[in-house]
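Two complexes come next, and they have one chain in common, chain A, joined by chain B in the first and chain C in the second.
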Partner chain A sequence: MLKYLFAKEEDIPPGTAAIFFGFSSIVWFVLGTGLGSFNAAKLAFPDFVTGIELISFGHMRQVHVLAVILGWISMAFAMTMMYITPALGNTKLWSEKLGVWNCFLWNIGLAFGLFLLWNGVSSGREYSDMPWFIDLVVIFGVLFPLGINVWMTIKNRRTQGIYTTNWFFGAATFMVIVVFLVGNMPEFFNLTGLTEAYLTWWFAHNVLGLWITPVAAAISYYVVPKVTGNPLYSHRIGHLHFWSVVVFYSTPAAHHLMSAPLPEWLKSFASVEGVLILVPAIAFVSNLLLTMHGKWRMFVENVEIKYTITGVLLAIPLNMQGGFQQTRAINWYVHGTGWIVAHAHLALLGFSTFLEAAAVYYGLQVLLRRKVYSLSLSNFHFWMLLIGFSTYWISMTIAGLIQGAGKIYEVPYIDVVIAEHPYMIARWVGGTMVFIGNIVWMYNMWMTARAGTPIPAGRLPHELAYER
Partner chain B sequence: MAFREYKIGSRMFAFALGSSMMITLYFPSKDIASVQATKTALNRQLSFGRIGGFSVEDPFLKGKGKPVTVFLNKDPKTGQPIEPVTAYVYPAGVPFPSGLRHPRILGEGVKDLSLGQGRIADAKEGSGAVFVVSEAGFNGKTLSYIENATATRGWQPGEAVAAAGDANSRYIGSGKIMFVREGCWWCHTLLPEETQDWQYFGAPPMLGDFNGESPTAFGSDRKAPDLLHVASRNSSREWMTMHFYNPRLVQTHSIMPRYDYLWGEKDAAGNKIDYDKWRAEYNEYVAGKRVYAPEVPQPAAESEARMLIDFVLALK
Partner chain C sequence: MAWKFDNPLVSMADDQQNAAARAVWEGESLGGITEDNNRLPVPVVGLLILTIVTSFLVTFPLWGQRPTAALYENYVAEMDSPQAQALPDDVKRMQYIVDTVRAKNPQFANGVSKQALLDRHPLSMDDLRMIQGQMVELQRQGARMEEFTVIGNRLVLANFEGNWRADGTRERVQPWWDKGYTIDVFYIIAFCISVIVVVKRLPPYTWQPKH
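After this line comes the complex of A and B, so read on.
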């Protein structure tokens, strides 16, 4: 990598930045889920490792969360943007060198930020925990260069129209910069009180709604038609999805604070808009499932489709939960319980991760021009992720319902802690399966780069048979 | 960008996102900014100081640059007995909280009283000041406001601290830093819910209870009791000391981590704390080989544990 930082633009082979981003994201995925599993162990067995500041739960939880969001998910996004955007514009990436620098700064900046966070240097605001100078690095050293590369590549395209995926990429990179700038204002300008509390959740909501969800969806708009060979079922529904994300997903931030003393109109408004998120959700799921028409065999036989469609199917319970759990009628019961933790993992570990994993699998094969090393290992990875995630989701949902019941019956809190204990252990087991699956994945992709069967010129990875 | 459609599209996009910002940012911030600070809000921000998380004055979150809360029953200047009062001492150089820097955020009335009767504009960070929360009528209503006791009563920071003594001083602001740094808010919330928490965790906060405080650290994810009013349920320093050293001394089933490392090197008497010995003895106790658990050391006056306990016991 280092040798490309100072190479001339022409000397850097196309796809270099995407490959770096791909492998970085996998490494962060392994680290992030490892931390998650360690945290889960601490909640299940509080005396497991104890009395050391750096490994206490409060120092590590946020490191897990930001490592998976900014390391795994966002780097996987950057990887896909660096190979899909040019592919769809029938052109090259605007600047491969900028991409390499972007990847380099991203890894350094994130590692430094997480190191500080781990040591307790935190702003005390959930999801925007990083102190403000790291936020500035993220905005101007990470997101802005990424945005420029995406926008300029789209501008320099050699096709007439812009495909759905690229609208999403272009808009989401812009929106995430706005979200970071506005959402961190409490730190830049020391805003206080409810303004601070509200902006914290405005940030958290919009990072999910205007960055993670639309970009993950955009990826699958590319992967499914590309691999199955079917055209996208409907571009109109794609339009509906895009515009309803911009309009409905950007507004319900206050539904995260339904039981806080915010103005009532704001909470009611947020809650109605939150139900309307079902519009983009249904548009997205139906569009992709209909695109699969006649190719459902590939759901079983092809690795990328298996991942993508599982992710798309997981979007159904995700949005059903999301739309309804934030209404006043339901929110008071599940708010602040393990139910929400289960929901967060359904969104990020279920829905989103499966879509990105597919794109990273596919992208690395295309860019390295090698077939994935082993189908068995990929399948192993898939089932470890799916079973591990399901165990996590089910156990935390049950734990959340117990906590909810504890809230209304006003039992002494310690009884709730005791009742949750078995589910905490189950969650740890499930999460550890995900972690182990990821280590196998890292090995598999490494071996793909070293020993995967070369793909002949003019062929695509999914056209070759699996060998192992 | 040759297509006319894309021009229309990008305008529509700007319009959609702009309206969304208008509704979700501009209107709410107008609404929230017009809220009047309550007495709780004044007490909170004065005891916490400027920022409860990362800040330039305290980059490594050690609890530096924070005010001291003191309970006074004699006038620090004259030494005469007075009605007991809580005063917030800002030694020279300690940054003021937002309500003092930008009195506008205190809201109508509170701002006017604080600037008028309270003379807060006379307070300077460079020379330090002592504040108290007082009450006065404003347009027929009684409101709490911030009084700059250095200007109105001539109280100097050094005198106020000396008059109170260590026994009547609380490091609440530094304790909040510990609360944020140690991530207590990943398990505990500071926000009883409006619907069903009244009986168990106490009254939910009011709209104006947080003006001037940052971060609010409400917490979103509750694995443990709400702490906003914890000291009203349990105000025993003894219990808190044991509970923080090892929660399972007082609550066998707790999943709360141990915070013994906040005790630092030495205990209150200046003796070195032997953690290994303590843990070995504790393990014997858990295994049933000892009848009593080992004694928990008393935290030293300037230890982080003391700051944290001061903060928790101020959550009334």
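After this line comes the complex of A and C, so read on.
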């Protein structure tokens, strides 16, 4: 990477930035899930590694969360934007050099931010835990350069139309900057009380709703038609999806605070909007599943489609939960329990991760011009992710229902802890399976770069998957 | 940017614009990806309408409310009656209070809303003892008991702030409809109109591109 930081633009091969982002994202995924597995072990076995403050749960939880969100998920997004945006415009990335610098600063900034978090330098606000100066680095050193590259690539496209994926990429890179600027105002301007609480959850909700969800969906709008060869089922449903994300996902932040003394009308407004996140979800899922028409065998045979369609299918329970768990009647029961932890993992480790993994698999093969080193290891990775995630999700959902019952019926806290114990062990097992799967993935992609079978010019990796 | 309003549910673009859009649609390669022009399947339209209706029905503040002090006024009034005091233990006393309140208050006995709310928030004699003093004091002050929420051992003024009354106080009872829903209605109507306009500027869905 270092040699390209100071190279001339024309000396940097196309796709360089995307490759760096792709491998960086995998490394952060391994680190993030490793931390998650370690943290889960501390919940399952309370006597596991005690007495050292720096590796106490309170120091490490937010490092796991932000390593996964800003390292794995967001870098995978950057990777996909760096190769899909130009591909859809029949052009080159606006600036490979900016992309390489973007990747370099992103890794440095994130590593420094997580180091500070690990040492207890934190805003103390969930999801926006980073201190204010790291937030500024994220906004101006990470997100803004990414946005510039995406917007300028779209502007310089050689097509008249803009494909659905690029609507989402262009809009999401703009919206996430607004989310970081506004959502971190409590730190920039020392806002406290309900304002701080509301903006904290406005940030957290919109990082998911205006960044992770739309970009993950945008990726599948590319991967499914590209790999199956089918036309996207409906351009006009794409419009419905895009505008309903912008309208209905940006407004329900108050539904995270249904028990707080916010104005009741705001909660009512947000709660209705919260159910209406099902509108983009229905549009998205129906459009992608209908695009699969006549190619369902690829759900079994093709690795990228297997990952993508699994992610699309997981959007169904994700949005059913998300839409209804925030209503007054249900939130009363599940708020502050493991149910919500399960839901967050369904969003980030289920729905979104499967879509990004597909794009990273596909993108690295295309950019390196090499077939994936081992299809068997790719399938092993898939099943470790799916079984590990499912074990985690189901066990934490059950644990959450137990906690909810304990909360409502005022069961002594220690009794709830004892009742949850088996599910905490299952959580650790599931998370560890994901971690092990990711180590295998990192090895597989490293070997793809070094020893993968070259792909002849004019062919695509999925066409050759079963050829020797 | 000509607009056509003679058949807005088919297309709002004129024939020339539709012809230009079709030419681009069929002639252009977006990185090797093509798109069809299918409409939203009718069952999915039904699902979206059901979602919008459901979003209001499941979020009314009637669901998931905390119990109000008014629910327990009659219980507290019976606590110190000689008949209740004569019973040997708290379980029997509580049963006596519930039965008596139901018998004296037809709206409770009929299993209508108040009874349903009480069944959802069962109490013991100890719970009643914890709130008894506060309730008597509020009654002495002439407070509106339906505006107080029972939270553990405390009676607190509900955080809902409704319309102003003539005497300068505010209503503290949560209505089934508030201005949040009114905003939602306008928001959804604006969204639906905007999206319909966007998709109706495209060529009609009866046309499919040849790839």
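Basically, the second predicted complex is superposed on the first by the 464 of 468 C-alpha atoms of A that agree within 3 Å, B and C clash if a C-alpha of one lies under 4 Å from a C-alpha of the other, contacts with A are read in each partner's own complex, and residues count from 1 in each chain.
To be clear about the criterion, a contact is a pair of C-beta atoms (placed from the backbone, for glycine too) under 8 Å apart; a residue touches a chain by one contact, two chains touch by 3 or more.
A quick note: this is a predicted structure, and the numbers were derived from the prediction, not measured.
More chain A residues lie in contact with B than with the other chain of the pair chain B and chain C. Of the two partner chains placed by superposition, only chain B is touched by A:Asn119; chain C is not. By the document's definition of touching, of the two partners only chain B reaches A:Val182; chain C does not.
Applying the stated contact rule after C-alpha superposition, one finds that A:Tyr198 touches chain B and leaves chain C untouched.
Residue contacts after overlaying the shared chain place A:Thr337 against chain B, while chain C stays out of touching range.
In the superposition on chain A, contact of A:Pro46 is made with chain B only, not with chain C. Shared-chain residue A:Gln160: touches chain B and chain C both.
In the overlay built on the shared chain, the residue A:Thr453 is in contact with neither chain B nor chain C. Judged by the touch definition given at the top, the superposed model places A:Tyr413 against chain B, while chain C stays out of reach. Legend: residue contacts after superposition of the two complexes on their common chain; A:Lys226 is shown touching chain C, with no touch to chain B. Residues 160-161, 243, 247, 251, 261, 263, 266, 269, 332 of chain A contact both chain B in one complex and chain C in the other.
Chain A meets chain B in the complex at residues 42-43, 46-47, 50-53, 56-59, 61-62, 119-126, 131-132, 155, 160-162, 171, 175, 178, 182, 186-187, 190-198, 200, 202, 243, 246-247, 250-251, 253-254, 256-257, 259-263, 266, 269, 332, 335-338, 340-341, 403, 407-408, 410, 413-414, 417-418, 420-421, 424.
Residue ranges on chain A touching chain C, taken from their complex, read 84, 87-90, 159-161, 163-164, 222, 225-226, 231-240, 243-244, 247-248, 251, 261, 263-276, 278-279, 282-283, 286, 290, 323-324, 327-332.
Remark: chain B residues 1-3, 6, 12-13, 16-17, 20-21, 23-25, 27-29, 31-33, 35, 41, 45, 50-54, 59-61, 97-98, 105, 180-187, 189, 191, 193-197, 199-200, 204-207, 209-225, 247-248, 251, 253-261, 275, 279 touch chain A in the complex. Contact residues of chain C toward chain A in the complex are 24-25, 28-41, 44, 47-48, 51-52, 54-56, 58-59, 61, 63-65, 159-161, 174, 178-181, 183-184, 187-188, 191, 194-195, 198-199, 202, 205, 209, 211.
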